[in-house]
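Accompanying notes for the structure given below.
Going in written order, the chains are labelled A, B, C and D, and every chain counts its residues from 1.
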Amino acid sequence: MLQIQRLSNEEAAILLEGARRKSLEIGVPMCTAVTDESGHLIQFDRMDGGKVSSISIAIDKAFTGAVARKGTHVYNQLCVPGKGTFGIHITNGGHFSIIGGGLPVTVGGVVVGGIGVSSGTSDEDLVVAEAAVAYFRERTGLAE
Amino acid sequence: MLQIQRLSNEEAAILLEGARRKSLEIGVPMCTAVTDESGHLIQFDRMDGGKVSSISIAIDKAFTGAVARKGTHVYNQLCVPGKGTFGIHITNGGHFSIIGGGLPVTVGGVVVGGIGVSSGTSDEDLVVAEAAVAYFRERTGLAE
Amino acid sequence: MLQIQRLSNEEAAILLEGARRKSLEIGVPMCTAVTDESGHLIQFDRMDGGKVSSISIAIDKAFTGAVARKGTHVYNQLCVPGKGTFGIHITNGGHFSIIGGGLPVTVGGVVVGGIGVSSGTSDEDLVVAEAAVAYFRERTGLAE
Amino acid sequence: MLQIQRLSNEEAAILLEGARRKSLEIGVPMCTAVTDESGHLIQFDRMDGGKVSSISIAIDKAFTGAVARKGTHVYNQLCVPGKGTFGIHITNGGHFSIIGGGLPVTVGGVVVGGIGVSSGTSDEDLVVAEAAVAYFRERTGLAE
């Protein structure tokens, strides 16, 4: 039997709170999703003003961060015509996101969940996702 | 120009909180979704122990409650072979839910959002959805 | 952090082996899928003669057994027009199976995976799925 | 009447075994799928640690190898904007893979199945797929 570590609901809420703080700081209302390590949604939050088109994008980013175990911005640079990974953006029923703003959440070197942020530019989305993970580490004391 | 009344993020959180309270009271960890009046997700919460299969069901119930403007349990009884509404469960790309636990959220006779609850029996899901709406009225003072 | 128990690849192979033995005994070549507790495929086997249409059905049955935590034959009886659960068969993107032959695999009262069998009648499929789980218990010594 | 040559279940298992051996050798736990010559799944194996996002990618690679009758890495280089094959990656309902790691399995110049490997880089995936086919030839004595 495998022993798996997974984000709890309470820990997912800390990630959402971290995302919200950074969103308010930079003045971009975001959609933020947190999934478990298997890519299944735990919590989602669309701030007032968050984009409707970003609902599914945020969820897909969190899914990808969790199950592909890399930041979606990393895949963005790998998924370029002529490179070996080109084409990955249409896999998994269209849910594999290659737009920055999705990150795996790791604890002790193991992926325990994913976070996805959307509504700003992909750079803004990534900044907020990173801030959310930093806030999570600060609050929980859990290391990468 | 139309003036639309829509649940705010803060009001959606009150609905989730109301659902969580009732879920804990009856001992069934739930997935709960809150959408705006257009059926678009505002917030989602899967409690520890909520079913993975209920993630999309809760979201679909909230969508249906908001945009079809009836409780999904009402459609459950209308959507029976031989009745005029039979077939509605496969519309909207499969997102029209006819399983109890989805409700419109109305204020002053107008739909301002939807709530969907899933993981228990459809009766339990409805009880939690109704409790969430009751809690929302109590906390906000907003009447049907 | 939640601590999750999950079927290993080796344990999934025992379930497939158990399904194969029963399939040979009753003379019906089967498609059998084993998923983890989150509904994600671990192993799949289509015996020579297994039906092509049963590939996705077996996978959907295993998914449903794992994440909805009930046998798919149980949902078959709940998902009847006029009953509260009618409509569940079209949820989860059409992957929620209500055809007998899907079972959760539990250890110590907790779902650790799912098994789905398809190609025979739903009764035959269920017999094979149950035999697979029994074989798994016999070989691993793990109780329900 | 056409006489079709098709991988048996036993031969599919040899391909999976070959993939597993190479995966262990290079230290990358893989998802591996084997399809018949029509692109329909015969066997699938996700090793402990294989990526969830690679389940469907491996299956799509095997499908593509079998039915498009070329390695998916070949299509990767053909499917570049401005080249005549660009666009093929979104055909077949999104199941046409252009990421290396999918190969046709031929016997006597005829495609009898496909293999798809995913979880590593596309180069690693291809190395494992090629090793699996080599192992298959070694074990069965069947020439290309």
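General observations
Basically, a contact is a pair of C-beta atoms (placed from the backbone, for glycine too) under 8 Å apart; a residue touches a chain by one contact, two chains touch by 3 or more.
The model shown is predicted, which means the values in this text are computed figures rather than measured ones.
Of all residue numbers seen at the chain A-chain B contact, over half occur in both copies; the interface is built from largely matching residues.
The chain with its C-alpha centre at the largest distance from the centre of chain D is B. Once the centre of each chain is set as its mean CA position, chain A and chain C turn out to be 31 Å apart.
With centres defined as mean CA coordinates, chain D is found 44 Å away from chain B. In whole angstrom, the spacing between the mean C-alpha positions of chain A and chain B is 26.
Separating the centre of chain A from that of chain D, both taken as means of CA atoms, is a distance of 30 Å.
The residues of chain C that reach two or more other chains are 2, 8, 38-40, 93, listed in rising order. According to the touch criterion at the top of this document, the contacting chain pairs are A-B, A-C, A-D, B-C, C-D. The residues of chain A lying in touch with chain D in their complex are 2, 38-39, 64, 66-69, 81-82, 84-88, 90-94, 96. Across the complex, chain B meets chain A through its residues 8-9, 38, 40-48, 52, 55.
Those residues of chain D that touch chain A in the complex are listed here as 48, 51-53, 56-57, 60, 73, 76-77, 79-81, 86, 89-90, 94, 97-100, 121-123.
Residues 1-8, 11, 36, 38-40, 93, 107, 112, 142 of chain C are the ones touching chain A in the complex.
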